[in-house]
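In what follows, structures are represented as structure tokens.
One chain, chain A, appears in both complexes that follow, with chain B as partner in the first and chain C in the second.
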Partner chain A sequence: MESLEALVAHIQGLSGSPEERAHLHGLLKQADGDSLRAHAAALVPFLAQLSPAAHSLGYLYLLEACVTSGANLSEFGGGDFLVTVADFLTSCSTDQIRLAPDKFLNVCRVLKDQVMQLNTPIRGIAPLRVAVRKIQASPEQLTPVHADYLLLCLLAKQYKAGLSVLEDDIFEVDQPKDLFLYCYYGGMIYIGLKKFAKALELLHNAVTAPMSSLNAIAVEAYKKYILVSLIQNGQVPSFPKYTSATAQRNLKNHAQIYVELSTCYGNGRYTELETFIESNAASFQSDNNLGLVKQVLSSMYKRNIQRLTQTYLTLSLEDIARSVQLDTPRDAEMHVLRMIEDGEIHATINQKDGMVSFHEDPEQYKSVEMVDHIDSSIQRLTALSKKLASIDENMACDPAYLLKTGRDRGGRFDYDDFDNAPHKYF
Partner chain B sequence: MDVEGEVPASAAAAVANGLGGGSEASPAPFSAEQLDVEAYSSQYSGRTRLARLLFVADRCGIEAMQLEALRMAYDDIKKGEDVQLHRDVALKINGRLGPRYGLDQAWVDAVSRRAEQRKEKLENELNGYRTNLIKESIRMGYNDIGDFFYAHGQLSDAFKSYIRTRDYCTTSKHIVQMCMNVILVSIELGQFTHVTNYVSKAEQTPDSLDPIIVAKLRAAAGLANLAQKKYKVAARKFVETGIELGNNYSEVIAPQDVAVYGALCALASFDRSDLKSKVIDNINFRNFLELVPEVRELVNDFYASRYGSCLGHLEKLKANLLLDIHLHEHVETLYRDIRHKAIIQYTLPFISVDLNTMATAFMTSVSMLEKELAALITENKIQARIDSHNKILYARHADQRNTTFQRVLQTGNEFERDVKSMLLRANLLKHEYIQRTGPRKM
Partner chain C sequence: MSAPSDPAASAGQAPAPSSASAASSSSGLTFKLHPLVIVNVSDHYTRVKAQAACSGDGSSSSGAAPGQPPRVFGCVIGVQRGRTVEIFNSFELVLDPISGTLDRAFLEKKQELYKKVFPDFYVLGWYSTGSDVQETDMQIHKALMDVNESPVYLLLNPAINLSQKDLPVTIYESELHVIDGSPQLIFVRSNYTIETVEAERISVDHVAHLKPSDGGSAATQLAAHLTGIHSAIKMLNSRVRVIHQYLVAMQKGDIPLDNSLLRQVSSLVRRLPAMESQKFQDDFLMEYNDTLLMTYLAMFTNCSSTMNELVEKINTSYERPATRRGGRGVFM
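Coming up: the complex of A and B.
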């Protein structure tokens, strides 16, 4: 066990080229452990000697020893320790830290805890965002840092900051818990930004992920899933075939009042829904869903008005008020006006006659923007198809797979084996 | 009831035209006038007559008619041997018809005693036959027991006995006889799935059947489908019923019933071409329709788009139809369907329709009509939009090009979403994901 000074000297000396770093890595691993942590307090001045960018690996080890030593971090360096950590995260070198990923994750975790303890989540956002990009092996990989980052964004109400991370599609997941947290927090961020369609996607993934036993995150995600479905589509779809059996059996039991809410919504009567919500307000509040539930309530009016556009060309405001169960034609006018402004319906209000004329969707699909949109969609989907095809090919060549299917079918091959694309899209 | 004089005359003429002989001239009960109980019940025989009389008594709400029906039922039951029914009727009459129409305990006891004796005798005979293993005798034995139970109102026992004869049937004539018995009991029990089964069984016998039997089977099948709310199939069966049916199936159904049921179901479920070919131009069914001229008028009006008079006829018939045991629960549905069809057919040829004229044609107010139209549009049965300000209905044809674009974009989005989550799930499974049960609350 070398002394600290010698260790620091090694770090400074051996951070030049990859081979040296490999050697350094070996040394550090040897030196690692509780003994290093015991000297945590003494490490701080040494950290000042090292540069986070050039000596990332060594810095990381020492830093990690400090933060996991269990000592109160606010005592370190007079409360600026957070800054040190943030600095490190921002300026460290990607290759070096990839040699010790779990230590890196520990550091990030501690940062998040510290920031939450100090009740200043916003301080953690910038460093963690950089950290996410650095630790990811590919843009499609999910790391624990994602979930922490999204949590901080939510707490700091910086929803837009979360968007940059959410826009990447995730295809690789190591830890299931990360996925659930990611989907749940991501869904909440999209809800905050009122992008209900994307929120629905993420929550749907959380609800339908394979799980052998129920977890609380999935239950909470399911509750929000019901509410967002009602707002976006007016109904809650039933579980698709690929949902795990555990989820199908148990989720509804844990979200009983939400299921009742959705049946009440389906009946289409505003006053009933309102009374139901009021009587259960306490339980909605305890789940922190009351705001969302109120949005469900107002979405009911919207849905009823939208149904009217399908049936009528013009309709008087009194008739609208009557069929949507509003109190006065003035209310009806306000609702319709708001919906026109939000672009949810196409109509004009004639105040003199008290009539609303509904129009068809003016989109003619002839503009340049529309062509661009379609074109980019096509390209995106073609890329996705290719990816799907390649994954399928890989799996078909996998020896374990061939062994299993070969055994089942006795080695015969039918025409179906040569057909790759999903039939649904024909 | 002073209209009695008129109705039989015209109906008798109609019957002479169509049926040409057969049993007594039965006046058409399904006319607009109030139901003549006696004429109505004279069309039927056996247990269905009793059932119908009792049903009319329960539902009609007019004291005079009720008492008339109960009186006739009482007399008929006295001629039979069903003790339980006797008790029921006596209870219902409740002394209103005088002392002669009360519970006759002496008669009840006598009949019960006779029944016991006969039952013992039949059972002994049957046991005898069973030990002798003569198929034909066993079959006849079971048949007799079945008939006995039927006469005494023990329908499920009768059913079981008839079913038992199946194993001992040797010729197709036996099979047909068994099927007819079973069908009869099942109809009364209300078990219409059995009816359908046995009708198909009877129709599948290798020998060709007597046309009367064929007609009976068709009528029974129609009745079963009607009860199961399969109106289109029921209509088809009824219009295919041969006129040979005549009054031969009076223990189940009268030819007027075939006409009415068939016409109503056809109006509610057939499309225009079927209506023309199978009902209006169908010579066979025309004979039935002659028996109920109002219904014939109704069908012709509907086809000729005289909806006002058609719906008027329907309204007049409604009261009497509600007294029919097989039809009463379907009257509302059938009427609603016919009305909807009329409305849809009315709007089909036009680009724009003035709601005022339409309301007078359908004898309703503009606001009611608007509500009905809105409901039909929401169910996508009419492709139109209502201009509530000017009260005009405009036909609307969806723009194919736009809808195609919309659908394409939507399919693209769904594909993307589904494939992405599928890849994610595949990845999760690939890592042989086993999820630890975490702590209860996060």
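Coming up: the complex of A and C.
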């Protein structure tokens, strides 16, 4: 095993071109292992000799050896070590670190643990955000760093920082646990930003993801899913057919009070809902969902007012207050005003006689912005459709699928079978 | 297969002065032609031509020079009320290629059959295809005179001439003219109008627009319609571009000024509808958005169905279904 100085010299010398780097990679792999970790303490001064941008690969190996050595990191020059790692993450070169992705992931994981230990999650946000972009092979790939990054954003309450990562659509997933965590944390971030529609999407993904055995993340996600869909839509949809069988059978059992909450909500009586929530406040609190539940309560008013728009064309404020079980017409006016501002209903309040008249959606669809909007939607849909078609073809050639369908037919081939083949082979 | 307007063909048909149709009819009869007849004749001709091409066209049925498209013959039937002759329908006849005479027995039988279905109609004349009247036609015409004392002769020119705007159908009558001192029967051209009833128009339209391969489902018809519009717009666009380039060149001075052309262009431009009004913009955008929404909806449906199939596949491969209603039930 080469001495550390020789290794460092190699790193400095061989970080120029891709072939040299491949050679260097081979050398590093040889040198890697427990022996390197044993020298962890000695590595730190060497790290100073290397530049993270130019010698990313070597730096990564040494750094990873340091962080996984199990020694207390605060020994390494105190809090400065975090700075070193953060620095590395921000300035490393993308192609070099892609040669050793698992080491990179380890480093990120350690950073996150460290930051959480020190109770300063906000320090980890900037470096991890850069790390996410660097390790992704394409913007559609999900990495474990996503989940860590979102967790830090949640703990630091920096919800907007999480948005940049959440905006990309994910199409490739390696580890199911990553997906569950990503969807769950992402949903929570959107809830924090009050973007309930997007939160619903992500939580829906978490609930309907394929799972062979029930996991806790899905159960928690399901509880929040019920609450968010009550706030957003006023009802909880039944499981779509692509939900896994395990989820369909078991999720409801674990979230019993939430299901009861949704039935109570469906009855539409504010006071009943209030009493139900108060009686079960303890269990909601233990799930950390009490804030969300209170939002469900306040959304009850909105739901009832929206139901009124479907029956009446004009209504006085007193009638609204009475049917929605608000105390005074003033409250009703405030609620209606807020809903108009949020765009949830279309109405005008006539203050002179206290009447509210409900309108149809005033969108005339005759503006150029609408053209652009629809056009971009169509483009996105075309791209998605192509992706779906290719996945569908891949599935048709999948051996598990062919086995299942072949077995049922008992090996006989009738003419119907030939229709299932993808048409491009004809 | 040689083109119908081949020089050999035109050389083969020497214009016979005695059957020349330079004169126009003076009988004062008005002819009304139904489009069904035209479609029938063209269909007959196309069929025979295709069959001749298929079977190696060694011999053509009419005995014309090899390489010529075959001539087809048939009868036209209709009603004559006073001075109006209305030709409703037609049927095919068998012509004996050697003697050049019609098969009488066949004609009688066909006539009888048609009489049963259309008691009012009777044989008004006959039809044939070709670019011009021929010598032999007069004999056939005379032969038919015992069925109808003054038959009409309908000639369809199957040559496809894209620049021609009228129908390539001519109606000839026979008149006794004094030529070179002796009275002779010659063909004279008559005018005619196209007359149709609503039902006939719809069906002829339908037949005329059918694509041979798909048989006119709604989707192909829509596609054909839109393709037609698209090519029309493309042509308009290229023409406008030509004019634009011309004007630019003229402005630069490459081409000498031509005032008359400029006047024409300016009058053309002034004829364009005013598109600057707000109402036009609103209506246009609304309609545009509607079409986009329909496309969006179609794409959505397409995508959903793909998604559905994908989900089925995933479910069958990786899930243990909760209930199985007999072996094949789940997979259908």
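In this section, the second predicted complex is superposed on the first by the 391 of 426 C-alpha atoms of A that agree within 3 Å, B and C clash if a C-alpha of one lies under 4 Å from a C-alpha of the other, contacts with A are read in each partner's own complex, and residues count from 1 in each chain.
What we mean here is this: a residue touches a chain if its C-beta (ideal position, glycine included) is under 8 Å from a C-beta of that chain, and two chains touch if they have at least 3 such contacts.
What you see is a predicted model, and the numbers here were worked out from it, not measured in a lab.
Undergrad: Spot which of chain B and chain C makes contact with more residues of chain A, would you?
TA: The larger set of chain A residues in touch belongs to B.
Undergrad: Could you tell me if A:I391 is touching chain B, chain C, both of them or neither one (first, second, both, neither)?
TA: both
Undergrad: Which partner does A:I374 reach: the first (chain B), the second (chain C), both, or neither?
TA: Both partners.
Undergrad: Pick one for A:Y401: touches chain B only (first), chain C only (second), both, or neither.
TA: After superposition on chain A, A:Y401 lies in contact with chain C alone.
Undergrad: Give one of first, second, both or neither to describe whether A:R307 is in contact with chain B, with chain C, with both, or with none.
TA: first
Undergrad: Touching A:R249 in the superposition: chain B (first), chain C (second), both, neither?
TA: Second partner only, chain C.
Undergrad: Is A:D331 touching anything from chain B or chain C once the two structures are fitted on A? First, second, both or neither.
TA: After superposition on chain A, A:D331 lies in contact with neither partner.
Undergrad: Is A:T382 touching the first partner chain B, the second partner chain C, both, or neither of them?
TA: Only chain C is touched by A:T382; chain B is not.
Undergrad: Touching A:K241 in the superposition: chain B (first), chain C (second), both, neither?
TA: A:K241 sits against chain C, while chain B stays out of touch.
Undergrad: Once the shared chain is lined up, is A:F171 touching chain B (first), chain C (second), both, or neither of them?
TA: It touches chain B, and chain C stays clear.
Undergrad: Between chain B and chain C, which residues of chain A are contacted by each of them?
TA: After superposing on chain A, chain A residues 210, 242, 364-365, 374, 377-378, 381, 384-385, 388, 391 contact both chain B and chain C.
Undergrad: Which positions of chain A touch chain B when the two form their complex?
TA: Checking each residue of chain A against chain B gives 169-174, 176-177, 179, 201, 204-205, 208-213, 215-217, 220, 242, 307, 310-316, 319, 353, 355, 357-358, 360-361, 363-365, 373-374, 377-378, 380-381, 384-385, 387-388, 391, 425.
Undergrad: List the residues on chain A that touch chain C in their complex, please.
TA: Within the complex, chain A contacts chain C at residues 210, 241-242, 244-245, 248-249, 364-368, 370-371, 374-375, 377-378, 381-382, 384-385, 388-389, 391-392, 395-396, 398, 400-401, 403-405, 408.
Undergrad: Which part of chain B faces chain A closely enough to touch in the complex?
TA: 374, 377-378, 385-390, 394, 399, 401-402, 405, 408-409, 411-413, 415-417, 419-429, 431, 433-435, 437-442
Undergrad: Quick check on the complex: what are the chain C residues that touch chain A?
TA: 281-283, 285-286, 288-290, 292-293, 295-296, 299-300, 302-303, 306-307, 309-311, 313-322, 327-328, 331
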